[in-house]
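When the chains are written out, they are named A, B, C and D in that same order, and each has its own residue count from 1.
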Amino acid sequence: MSPNSSKCLITLHLPCTIYKEVIEEERRGRFLGKSVQIIPHITDEIKRRIRGLAKAKGLDVLVVECGGTVGDIESLPFLEAFRQMRMEEGTSKTLFLHVSLAPELAVVGEMKTKPTQHSVQEMRRIGLQPDVIVVRGTKRLPSEAKEKISLFASVPVENVISNPDVPSIYLVPQTLEEEGLMKAVQRQLRFRGAKLNTRRWNEV
Amino acid sequence: MSPNSSKCLITLHLPCTIYKEVIEEERRGRFLGKSVQIIPHITDEIKRRIRGLAKAKGLDVLVVECGGTVGDIESLPFLEAFRQMRMEEGTSKTLFLHVSLAPELAVVGEMKTKPTQHSVQEMRRIGLQPDVIVVRGTKRLPSEAKEKISLFASVPVENVISNPDVPSIYLVPQTLEEEGLMKAVQRQLRFRGAKLNTRRWNEV
Amino acid sequence: MSPNSSKCLITLHLPCTIYKEVIEEERRGRFLGKSVQIIPHITDEIKRRIRGLAKAKGLDVLVVECGGTVGDIESLPFLEAFRQMRMEEGTSKTLFLHVSLAPELAVVGEMKTKPTQHSVQEMRRIGLQPDVIVVRGTKRLPSEAKEKISLFASVPVENVISNPDVPSIYLVPQTLEEEGLMKAVQRQLRFRGAKLNTRRWNEV
Amino acid sequence: MSPNSSKCLITLHLPCTIYKEVIEEERRGRFLGKSVQIIPHITDEIKRRIRGLAKAKGLDVLVVECGGTVGDIESLPFLEAFRQMRMEEGTSKTLFLHVSLAPELAVVGEMKTKPTQHSVQEMRRIGLQPDVIVVRGTKRLPSEAKEKISLFASVPVENVISNPDVPSIYLVPQTLEEEGLMKAVQRQLRFRGAKLNTRRWNEV
């Protein structure tokens, strides 16, 4: 993988109209008269699009962002498709990154890890064990909080990445790099020699 | 309510194409440019159809059957619509009847109530507290098992209805009547004087 | 109920040693040789203590606080005992008040209601439908957020109580009163004429 | 590992009195004045006993059976301890075997896999991804049902083991061997050359 490659990261936004298109294909007879089911018809279509885009663009890495919150009805078919892809592609070709929030009770000043615990439980229930957890918060997560999250989420502590508020959005990549996000990704997806090319960022 | 009325029970099968139609309405501008969301767009459409049918046919009671198993992705939007209808219509105008299975371990001969416990938990998580539980099984549920289900499901014991295998499908209504299903429904929906008209059944 | 009565509110902290004492009673033969089970032995003991205290002190209202977060292993036997008490005592003699947190993403400035949605789901799964939800947060919850919580939690909007940060802890009762907490409690537990006696508070 | 070794399999029944003993140790000051918590005090004690027994007896393999049903309050501290052991020991030193039931609707004759799907979901929520699933049932599970379970449970199809009713309990080990249970265990725990010593069984 060339770290200078402009094709390493493209975010795929899966349109909600996936339902409509699959149903129209049913009308044209694609499913041989069977009625559309979320599993496998919608989930297969989601997987087909993800793989299709990665192939069409010749990507090394495709970042698929699933908006909303784990457990929302809207995102369940997508998460189910991701679960299947993990089984089909294996652990070294897929990586589940979970973004959670550690709210701070202003009065107490403590960052709460319980919401992360519960969203991880919900992810697991659906069948997704996160590989990396990025924790949003007003300030940097103390190391005890990272260890706590590591323990209950069954995630190595170096894969718990703090993502605190920073003065400028342009500082976010550098913060994540310092926290070890890139290394965590490289370990799992087995890149060698890839470095975050922050030169252009720093010029901004 | 006239118990002889032929219009008291109609089962509504909600077609899967509800997604497609809602998405097409979006295209025609119904949602003022907002993209379709399962909540509220799909759920509102489900409620609109249920109420529309009840009104169009002048029904006293409309039985809406939601197939599959609680927790299936497919049925979540429907269950969410039902949850909202309960809030909007109240307890005396809606009734949640949950059908579960009490498997029998042939070797042991005991009917297991755990699967019912877990499906009730799952229903509750989604926001539906069952009012009546009909328990399928090879034989009639003993009263201790009914009490157990009543306790963990927060359902009165007389609303736990055993639905055992019977020699002929034509005996099912009579069995349910003997088990008190009709009374449970009447208590909650406040019918007076209605009786199960089994004359025609018995003639069969 | 006399609102001036000093005996209206006592918080019961259930000691963790409840396990030990129940197990010791088993040793003394109380359970006739049966081994201790969380349900019903521990849960029965919890209920016995709650009722015992209310009776011994002649209380009109007993506030039982269950610390921690819904879903914690520690609190499950207590929540199960509360669920049973609701069934045994009815809705007009018990009230489930759920305290949740609406974290604010400082950068965005929006108060997030998703954590409340998920903790309510978890409560329901366990069998507790909250009657009142008190939402902690840095600022007062806007009315749209209250309506959102009301809808997904199946709780009347006037029972969604905002509990924002206030300059002094002595202002908390007044804030809750203004938000309608007392009225919500009175409606359900059917007090008449009771008023929050804030005279002494205001003197502080 | 010597397959003839009589010490390869011992089942550990963890007594319920673990609570009492831990609480008594607290009294003797072991936790330096901190009150007993299920996590970490009870879970640490469970792990200590499991490891202690394996060491004291010089075992190659220790089978720990957790009775009841996934999700029961009683078993949660044990499952949490197992989850931690997996993290601490790794995948090649621990194996989660989940026993589920595929009930058969006599009238329909189909074996239902939904209860397995839901118990696996519940296991995952708690943090345990099963490695092997043994499915009890009146008859042998057809291969399509195995594939279905494999897909939704994220378990290789050869690790889905059918455990049908057999005329004699002495035929159970042979059935499990034929279904590939031993091979599945060997693959994960990396035994070499071990064979099920069924000679004595067959003599019975």
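The rule is simple: contacts are C-beta pairs under 8 Å (C-beta built on N, C-alpha and C of every residue); 3 or more make two chains touch, one makes a residue touch a chain.
The model shown is predicted, which means the values in this text are computed figures rather than measured ones.
*Asks:* To reach chain C from chain B by way of touching chains, what is the minimum number of steps?
*Replies:* Steps on the shortest route: 1.
*Asks:* Pick same or different for copies chain C and chain D, depending on whether their interface residues overlap by over half.
*Replies:* Both copies touch with mostly the same residues.
*Asks:* On a C-alpha centroid basis, what's the spacing between chain B and chain D, in Å?
*Replies:* 36
*Asks:* Can you give the whole-Å distance between the Cα centres of chain A and chain D?
*Replies:* Computed value for the inter-centroid distance: 31 Å.
*Asks:* Where in chain C do residues touch two or more other chains at once?
*Replies:* Within chain C, residues 121-122 contact more than one other chain.
*Asks:* Would you pull the chain C residues touching chain B in the complex into a rising list?
*Replies:* The touching residues are 83-84, 86-87, 121-122, 124-127, 129, 151-152, 154.
*Asks:* For a test of understanding, state which residues of chain A touch chain C in their complex under the given definition.
*Replies:* Chain A reaches chain C through residues 69, 71, 101, 103-107, 112, 114-115, 118-119, 121-122, 136, 138, 165.
*Asks:* Across the complex, what residues on chain D touch chain C?
*Replies:* 16-17, 19-20, 23-24, 35-39, 73-74, 76-77, 80
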